[in-house]
Structures are given as C-alpha cells and as structure tokens.
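Listed next: structures, encoded as structure tokens.
Okay, so chain A shows up in both of these, paired with chain B first and chain C after.
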Partner chain A sequence: MKRERGYKSFIAVNLLPTLILYAVFYIYPFLKTFYVSLFSWRGLSKNMKFIGFANFAKLFKDPIIWKATKNNLFFLFWGTIVIFLFSLFFSTVMARKKFKEMGFYRIVFFFPNMLSIIVVGLIWKFIYNPSFGILNTVMEFLGLGKYIKVWLGDPSTVMGALVVPQAWMYIGFYMLLFFAAMQNIPEELYESAKLDGAGEIRQLFSITIPLIWETMRTAFVFFVINAFSKTFNLVFVVTRGGPSRSSELLTTYLYQNAFQFSDFGYATAIGVYLFVILFVISFIVLKFTKAETYEY
Partner chain B sequence: MSTKKPFIKREGKRIGTTVSDLLIRIVLIAYSVIVVYPVLWTIFSSFKTNQEFYKSAWALPQGIFFDNYRNAWETAKIGTYFLNSVIVVAITVVLTLILCATTAYVLARFKFWGNNFVQTLYMSGLYVPTILGIVPIFLLLVSLRMLDTWRGLIIIYTVFSLPFSVFVLISFFKTIPNELSDAARIDGCSEYGTFWRIMFPISKTGLITVSIFNYIWVWNDYLFGMTFITNDLKRTLPVGLVRLTETLQFKTEWGSLFAGLVIIMLPSIIIYALFQKQLTKGLTAGSIKG
Partner chain C sequence: MKKTRVIVSIFLVLFVSLATLGATGAKEAPKGEVLDILWRIGGQGEYMNPAIEKFKEMYPNVEVKLEYNPKAEDVLRPRLISGNPPDIFQVNVGTFDFFGAIEEGKLRVLDDVMKMTPVGESITIGDKLQSNVMDALKSDGHYYIVSDNLNLSGLLYDKALFAKYGWKVPETWDQFVALCEQIKKDAPNIAPVVFPGMYPYYLTNAFFLSNVASFGGQQAIKDLNNLTPGFFTSAPFVKAAERIQYMRDHGYFHKGLIALSHTESQMEFINHRAAMLAAGSWVFNEMAGNWPPGFELASMLPPTKIKAGDPGYMRASNSYVAISADAKNPEMAIELLRILYSEPIRKQVAKDYTMIIPVESISEGLDLPKEVLSAFALLDEPLNELFITPYEVWYNPFNTTFQDLISSLVMGNIDAKKFSESMEAAAEQVRKDSSIKKYKLY
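Here is the complex of A and B:
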C-alpha cells in the first residue's frame, strides 16, 4: 500500500513529544542517579565535590545498609513464598473447578489492588493494634493468649507482620495473571491426562505449571521489583523503619538520606546499589528458570 | 490442599470430589472473609462515635454518626485534598491516554528506523523501581521551578505511567486487523483521521484498562505526592490522610480517620464495580504474556 508524504511526519508527531518528555523526566533522572552517586553533595548547595567511589566504600561499611538489604530480601523471600503459593492455588482452583460463585471470589480477591497501600497499611496497623486489634482479640478467643505480641513493636516479629499486608494486597493480582494464562490451556490436555490416570496434583505439575511457566517468570521478575520498590510505602506508613531500624529498607534509608539528611550523594549511591541488586537477582532468576517454550 | 488427592482415587471419585470441593470452598470463603472483613470494619468504624469505638472497637455502630465525615471533610481538610487529587488524577489519566495511545499505535503498526530501540526504551522502564530516580527528579523539578506545583506532579505521574501503558497498548493495537486501516485509507482518510476516527475508538477496551490502572496508581500514590508537593493546601489525598493519622495519634479521635479512609476508597470501589469486567478482560487479552 502506497503511503503519502504525511507518513513520516505522522510518525514524528505521534512519537516525539512523548519521547522527549520520557527522556527528560524518566531516562535522564535515572542516568543522573549514577552520576550523582560519585559526588559528595549536601543539600541544594552548588558545590558538588567529585569523590569517585567513596560513597560506595562508605555504603559497604554501613551496618544499616546490611540490615536493610536483609529486610528487603526477607520481603522478597517470604513474599514470594506466600504470594505465589496462594495465587497459584487460587488461580488453579478457578481455572479447573466450575463453582457457580467463582466470579465472586475473583472479584473479591483482586479488590485489595484497588486500594492505596496507605489504606492497606493503616487498616493492618489497626488489626495489629495491641490494645484493640482484632488479631490479638481472635488469638485470645482461640486460647492462644500467651503467644500475643506487640507485632509491629517487636523487632523479632515486625518483618513477618509486614509481609502479611503485602501478601493481602497482591495475591489477587498474581492470581488474575496466572488465571488469565491458564485460560489459554486447551481442555483436551487435561482430558487426556485424566484418561491416563493423572490426578489434579499431577496435572498441575505436568500441564498447568509448564504451560504458564513464561507468565510465572515474568510475574516473578515484576515481583522482585515490587519487593524492593513498592514495599517502601508500606513500611514508611506503618513502621517508618522502626522499631530501632529493625524494619528499615534500602528504599526508606535512601529516602531518609535524601530528604531528611539532604545527603544526595549517599542517597543516590544507595539507589545504584539497589539497582545492581535488582539487576543481578532478575538476571539470575531469568537465566536459571529458562525452560523450553511449549507450543499449544 | 495438596494432600487429599490420593484419597480421591482410593475412596471413589464422587465422595472424594465432594469432600475436596467442600474443603476448597471453605478455603475460598475464609480468604474472602480475610479480604472483606477489614474493609467492612473500616466502613463501620467510620460511623461510630469515639466513645462507641473505645467501648468496643469490633461492635457494629449503634447509629449512623455522620459527624466523622463532616470533621474529616472540613476540619481535617480531606475535602480539599480530595478535590486536589481529583484534578491531578483526571488530568494525568487523560494526558497519559493521549500520549500512550499515539505512541503505542505508531510503534505497533508502522515500520521505521529506530522502532525497536524506542520500544526497548519504554519496556526497560517497567523494570526500574520508581524510587530510583527520585533525587534527580526532585532536583530537576527545582531547577524548572516546578517543585510544589501540580504541573510538575502531573508530568511526573504521566511519564511514570508510560512504560506500562505503552506496553499494554502495543499488544492491543497489534491485534487489530490491517484491513480496517487499509479500508479507511482507501476511503481517503489521512493517517490522523484513520487513527482518531477508527483505531482510537475501536481500542476502547485496551484504553479503558490502561486508564483504570493509571487511575489506581496515581490516585493511591504516596511517594511522589509527599516528595514533590510541600504546600499543605496543594497536597493530594493519600498524603493528606497520612498527615491526618500523624495528628490524630495525639488526639486519638479515630472516627474522622476512618471517614477519611472510606472517602479515599469510595471512588475506587465505584470504579471497580463499574469496570471490573473490563479490567479482567484487559488483563486477560494477552497483555502480560509478551
């Protein structure tokens, strides 16, 4: 099909304004993070002093960085286990069982994704509240009174207590992703598996999971970013990194350095460190979970 | 969940299936309660007086006590924050819609030098945590005199909505058959006419899905709203709400806080009720497969 001269200008008009905005407000700040991390720069003063990798040297000696890294990995590890187990279970049930009320569960389970993490955080703060929180009330009712703790105020329980709202919020999202992928699996595969005598669990591991493997990998990479990035809001609202930094994250520490201590050089160095960790984890995960793609 | 399968085989299909179905249903219902109950509790609490709340935080409200809403809306300035948020979110969603639709359309359906590179640029944005560039963005807004303005905030929200929106819409535009745009061109439509009169309206499902996702994150965002707006009267709702909790911690009047939580949830509940089919359909339409 012949296209007139307007073709090229049409592409430019549609593409360029957006691309320029994106370059200025997204790509440029991203790259500048790497640049600023090489400077000593306090506040909005003009004098940036080039100090090479000194910020990184400081970073590796900073015990709070290690604590924060450990907490981020805690979120990643337990978040993955809880969220992927539940979402996989729910999506499998929804794809394989034909309950009348399945649509209702789907709508309800996804709903927390509509809420602000602020709302989720505050609601869970009330659930954990030591004087009137429902968790302790229920535990007492069940005779588990002696296990009651100040969940968010105790360094040994605070991280676990923060993973739960995180899971509560995101299980529905991953459930929907997996469910969508499962819808594409042809029913005949299950039919013939049944004829061969394979039970539901067998079908899950030899049909469902291999066929949605690509979706699961993509979802997992997104979850890695999520565990390092979106957890910021939750922690910032619920505990502010406390008690005594026991729930500090790399992101909350970055934010504190940037906007409380005005130490832009160190804050961006934390950002670069965070990015490298993310990159390495995603790379390793994608490399080691590669499987042959199934055509169906 | 996983232990009852061998049991089915031995005990005969019908009873086994009924039992396992029952167990699965119990799990599903239990989880529904875990999701719904805290939200309902928030709504109930927003209608309680302070004395009621302290007498029993878990009882139903004795009447409908609307003063919490009046206090939240007026005294705690939730009304102002709400309107601020509405303005910021509405402009962001519309602006993003125009920018990402035009971009995705060209990237999905036109061959030109650099197409793949531009797509990669947008896609890599999906893998970057939002907080990473926050210091340079802050400095950029300062030097452009856009700190503490809605303009600046809206631009940042829009730009950060692009990777996901472009990503979803590219796969959407690819599914539209060529015959349609070809026919429009034969009928004498310009490229612009073809896009705005035919392709744009026909992609309604994709555009709505993208807009809902953008609404969700911008309406609920805390990080950028907190960092780039410092003037109290310009604050967005999530930031205003967190401020409210901070002041309430010393006054312990939870009623207006719960009212505030309900106010921020309400638009999302309405949008979810109206569009949830479209939302699931949009997610299912192969958008995340690539």
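Here is the complex of A and C:
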C-alpha cells in the first residue's frame, strides 16, 4: 500500500513540470480567451472595458462571420471527402498490392506534407497563375481553353482551388496513418475472405475499414481541426481571404480583427465561437462514428 | 602674464565648446543612458543607420539599442502592454493602430518637438515638414506622430515600351481612354492596366482617388476623409466609380489581376504583359534586381484630368514615427528626431535609401535615381498637388470595406451606383457608431 502511494507520488512529481507548463501556456491562455471576449480591448494597453456579451451579439449580426463559417465548412466537407477518399485508396493499394517500389511511393506521397504550408501555397499560386500558370497552359494545350479561369480570382472557383493544395498536402499524411493501421490486420483474414469468394471491394468494406475504424475516427477529428485551424496559413498566403472576402475564414477574420483593426475583444469572441463549432462538430463526429471495436 | 594666458585659454575652450553645442543643440548625456529604438524594416532597408551614426557621434555616452524588424508592430504591442516600450519606434501603419494608441495614452505629445529645430538649422521641424501631411496626423489638435518617409501613388510605365509603339503619356481621362484603346489595338497581349487585385487599395490610391479629386478637388478628398454625409453618393465619387466601371467594361484591366499579389502584378508589368502599373514611387526599390536591361521606369500623373490645364492630383502616403508615453529616454528620442530631420541626413537617406522626408520642397536638393525622381518631380509643376488619406488609419474597418467594394466593382459583381450606395452605407455605420472616435481633416 505504502509502496503504491510512493509510486503514485513519483509519477505525480514527474508529471508536474509538464503539467505546470501546460497549465501556464495552454490552459491559462485558453480560459483567458473566454474572459477577454467579454471586454472591449484594443490590445495596446491594460485598459479593458467590460461589455458583457456585446461582442457575441455583434458576431451573430456580422455577415462576414457567416460567410467565413460557410467557407470553413466548405473546407471541412470537400477537404474531408477528397483527402479521405484518396488517402484510403492509396493506403489500401499500397497495403494490399505490396509493390516493390512501395518505399518510393510512400516518400512521394508524404513529401508535400513535409513542406511548409507557405511553400505549398506559393507553389500552387504559381500553378494557378493566370498568365503563366501550368494549369491554364496545360488546359489550353489539351484544347480545354474555354474552361480556363482565373482560379484564385473568381469567387465561384476560389474555394475549390484552395481545397486542392490542402488535399495535396495532407493526403500523404493520412495515407501513412491508414497504411500503418492496415499493417496490423492479420493477413489470414484476407486469405479466408478470398477463399469465401470476397473481392477487393468487399474485403475493403468488410475487413479493412471495420478494423481500422478507430484510426479513421481519429482522422475525422483531425479533419475537423484542420479545416478550421490549419487552413489559415494557406489562405493568408494565397488569397488573403479575397477576392472580396470570397475565401475569408474564421481564422483569417479573427487575425484581421485583432492585428489590423486592434479589436482584440471581438477577435477573441470569434475564437470562442470557433472553439464551440470545433467542439460541437468533433463531438458529433465521435458520437455518430462510434462503432463496435473489433479485436484481432 | 602666464596666468592671464591660462585663463584666456580656458575661456577660449569654454567658448568654443559652448558655440559648438549651440550650433548642434547637443545636450550632455550622462554615461549609462540607453536609447531604445524599434524600426520596421521594409523595401527601403536600414535607412535609420545614417541618423544613428550621427547620434552616436553626438552622444557617445548613450548606448543605442536598435532593433530592425519586418514585423516590428508584433514586437511593439506586448512591449506597450507590459509598460516596457521602446523609446522611439516606426511600425507598419496598416497593422498598428496609431490613433488607438493615442487614445490609450501610449504616445507622447510631440507639440514641443515641432517647435524645435533640426540639428544645425534655424527653421523649426514644424515649419520644415509639409503642413498638409503633418496636420492629418494631429489628434485633438496635438501632434503625437511624425512622418519620416513619403511615397507617392500613381501609374508607372516603361518609357522604352511607350516609345516602341509610339504611345503618348496621357494627361486627361479622354487621352487615357484613347491610349488604352490604342494599346489594345497595337499589342493585344499587353493589358493596358494592372494592379495587385489581392490588395485593391493599390488601384484606389493610385488611380481611383485621383479621379475623385479631379471631379471634386481637395474638398472632395476632405469630404471623403471626414465621411461627410452624402459624399459617397455625390457626383465626384459616383463619377470616379463610373470611370472604373468603364475601364472594366472596356477590358482595360489585366484579365487575371484579381488573383495577383503586388510582386506578381509588378512582374506582369516588368515582363510587358501590362503597359501601366497602378502602384507608386517605392516600386523601383522594391523590385531592385528585377528590372530588365532597357526598361525605363517612369511615373505618370494619374491621367484623370477632365481637360488639359486642370490641376493634377497624386495621393501621398507616409510612415509614422512616435515616441512612447512611457519612454525611459524621451529626450534622446527627440534628439534622434532632430538629427533625422537635419539636411545632411535628409539628403543622405534620400540618396542611399530613396527615403523621402516630407519637407515643404520635397525633392529639392535630393540626389535621387531618375526612376524615383520622376514621381516626385511631377509635384514640382505648379498645378499639381498631393493629397492624403488618413481615413485609412482612422477608420481601418471602413477602409477594408472600401477595398472589398472596389474589388467587387472591378470584378463586375456590382456597378458604380451600387458601389457608391454601399460606400455611403458603410460610412453611415461609422458615423452613427458612438464607440468610434471621429477625426476631421481641415
């Protein structure tokens, strides 16, 4: 009993430094955000004026908030679909086909994920460039000239054009995540399924997906977080939220309010709103994707 | 006799020392003093170096702590909040709320500085600097901010390209329209005008506002800055918007410009995919190393005059310098300003960094590259005037709406009428919001 208590104290002492750092640099600023959102604050001095929920009242009447929310949801929906489908496809092919060049493919697919998102943004800005971008040049070469657009300058195409680099960057990461999970599935299961006459598609839906489902659930939560918080850099570099706010996101709008308009109170209210959305969507995703866990 | 000579010598030394001090106005600084300087570094480089060198020469006892930083405002903000600000700073006007800082009591009043003389001169700083530029920086009748650099917005062109096709630099709107038609005819692969669509304020500042001024003079610019009720639906503003609509409808803009950043649009211009670039006097420096051989960069007055002989208008912008209210060494910070505004330093920073201090005779005596001088020389013509747009800093969210609407107008999502009505509505929102402090340009 005494020994067990000593063991627990030892663990607590070891955890304490990390816990203190976590509390000071993560939990405290996090809670402070909720507090600051109730104030009018320029972020230039310690002068803060309590205004209750006025920032939130303004937020719900602000049309840019709804536009930005819609754009974030666009990223969530289309980003998830594109990234999920491609990464699942590539990881399945790699896990099932056992290509000789698998190591090479893994590096090729994962490579964009190793680049800074700033670099990714600039690469795609060049690809989309209306004067010399490779996309329009190739389209023209293929006789698709009439479909050429100013991809990043047209409100109807800008969001779609932004999802592509986002997907290009993350497909490799999720591919490896799924691939690693697939490596743990015993080969006998596939062999038995084959003997029972199951094709590749049937094996995917009846064996692979159910057995890596927990990894997929984690990936879904990552998708939600990425769509809302990891898209900032890309949009900031590539379009700055334009044209005319067509690609504005909650995070870019938050940044603008804080650092351009010196309205830190309102910016933190947007941060709280972002937290609520992330929390609710993540909760829904986890709740509705809960399934029986298979042990093998 | 020997004693008398010693006494005379001592007096002589004292006299000479005092005379020297009188000429420079230098003050004794005790050892251990520190001058803490934070300066934004941009396209014009470390242009404070000459002033700092002079300062060190005059005040060898003062330790200079200098930080150049491209994101100086991000460093400044936490330092202001924690009560440990730099003594003197220059940060980005677009991302640091100078007038908010004044309201928060974070900037030192500089009325006394305006009455001082630059080192070695007899004219006061207030009299030396351009009064219309400086007046726009006042808050409640007091100076808190001074300007250390002035840029002019306008249209840039390549003289060699114009000569090749025989295109003439336009002065009036009609001549401009004729030129754009000529460009379309002579060189279908060259767009008449490009600007960075990601930052629509380039078009606003370099062209649109000059149109407003051409229709309504300096009064229209004052009305715009003061958000005068009804101004945005009045003739000068609506007619200027109709000109942008005309340019859009007649294909004068580069087709892909909405997606272009400032460097991308500048490269389109350099590579002759556009004949005229809406930008300003800073571009020569910003694109240094990229100008191809034979490219003869020049500035034209925005061709917005209704008829020849009308006044021409160019929008001027400037960077802001302030001394912290909590500065530990405001006296030495003021001394640095006195050095910065002195003639030798003004000439040196213009020559070495193309940094133009906004004095009354702005380009007088400056040894500038001809590409930069071509912009400032336009103001030497008696009829041409510069105008300023402090509303951008006073009402930053309003200005952002303005630029969103300009972008929509250029894209064709709205017409000039809708643009003007939306602008009036945005101005009305500011006017009726009692939480926003109102400023006035007289």
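Heads up, the rule we're going with is that the second predicted complex is superposed on the first by the 280 of 296 C-alpha atoms of A that agree within 3 Å, B and C clash if a C-alpha of one lies under 4 Å from a C-alpha of the other, contacts with A are read in each partner's own complex, and residues count from 1 in each chain.
FYI, a residue touches a chain if its C-beta (ideal position, glycine included) is under 8 Å from a C-beta of that chain, and two chains touch if they have at least 3 such contacts.
Since the model is a prediction, treat every value here as computed from it, not as a measurement.
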item: Touched partner set for A:Leu274, first chain B, second chain C, both or neither; value: first
item: Contacts of A:Lys97 with chain B and chain C, given as first, second, both or neither; value: first
item: Partner chain in contact with A:Phe259 - chain B first, chain C second, else both or neither; value: both
item: In the superposition, chain B vs chain C on chain A residues touched; value: B
item: Partner chain(s) touched by A:Trp151 [first = chain B, second = chain C, both, neither]; value: second
item: First (chain B), second (chain C), both or neither touched by A:Pro112; value: first
item: Partner chain(s) touched by A:Asn47 [first = chain B, second = chain C, both, neither]; value: second
item: On chain A, the residue positions that both chain B and chain C contact, one per complex; value: 44, 259
item: Residues of chain A defined as touching chain B within the complex; value: 1, 6-8, 10-11, 13-15, 17-19, 21-22, 24-30, 32-33, 36, 44, 86, 89-90, 93, 97, 99, 104-119, 122-124, 126-127, 132, 134, 137, 168, 172, 176-177, 179-181, 183, 199-202, 214-215, 218-219, 221-222, 225, 228-229, 232-233, 236-237, 251, 254-255, 258-259, 264, 267-268, 271, 274-275, 278, 282
item: Interfacial residue positions of chain A with respect to chain C in the complex; value: 40, 42-47, 125, 128-131, 150-155, 239-240, 242-245, 256, 259-262
item: Chain C - residues contacting chain A, complex; value: 73-74, 77, 80-81, 94-97, 100-101, 103-106, 197-199, 255-261, 264, 268, 273, 396-397, 400, 404-405, 407-408, 411, 413, 435
item: Chain A contact footprint on chain B (complex, rising order); value: 1-2, 5-6, 8-9, 21, 24-25, 27-28, 31-32, 34-36, 38-39, 41-42, 54, 57-58, 99-100, 102-103, 105-107, 110, 112, 118, 121-122, 125-140, 142, 155-156, 158-160, 162, 182, 185, 190-192, 195, 216, 219-223, 227, 238, 241-242, 245, 257, 261, 264-265, 268-269, 271-272, 276, 279-280, 283-284, 288-289
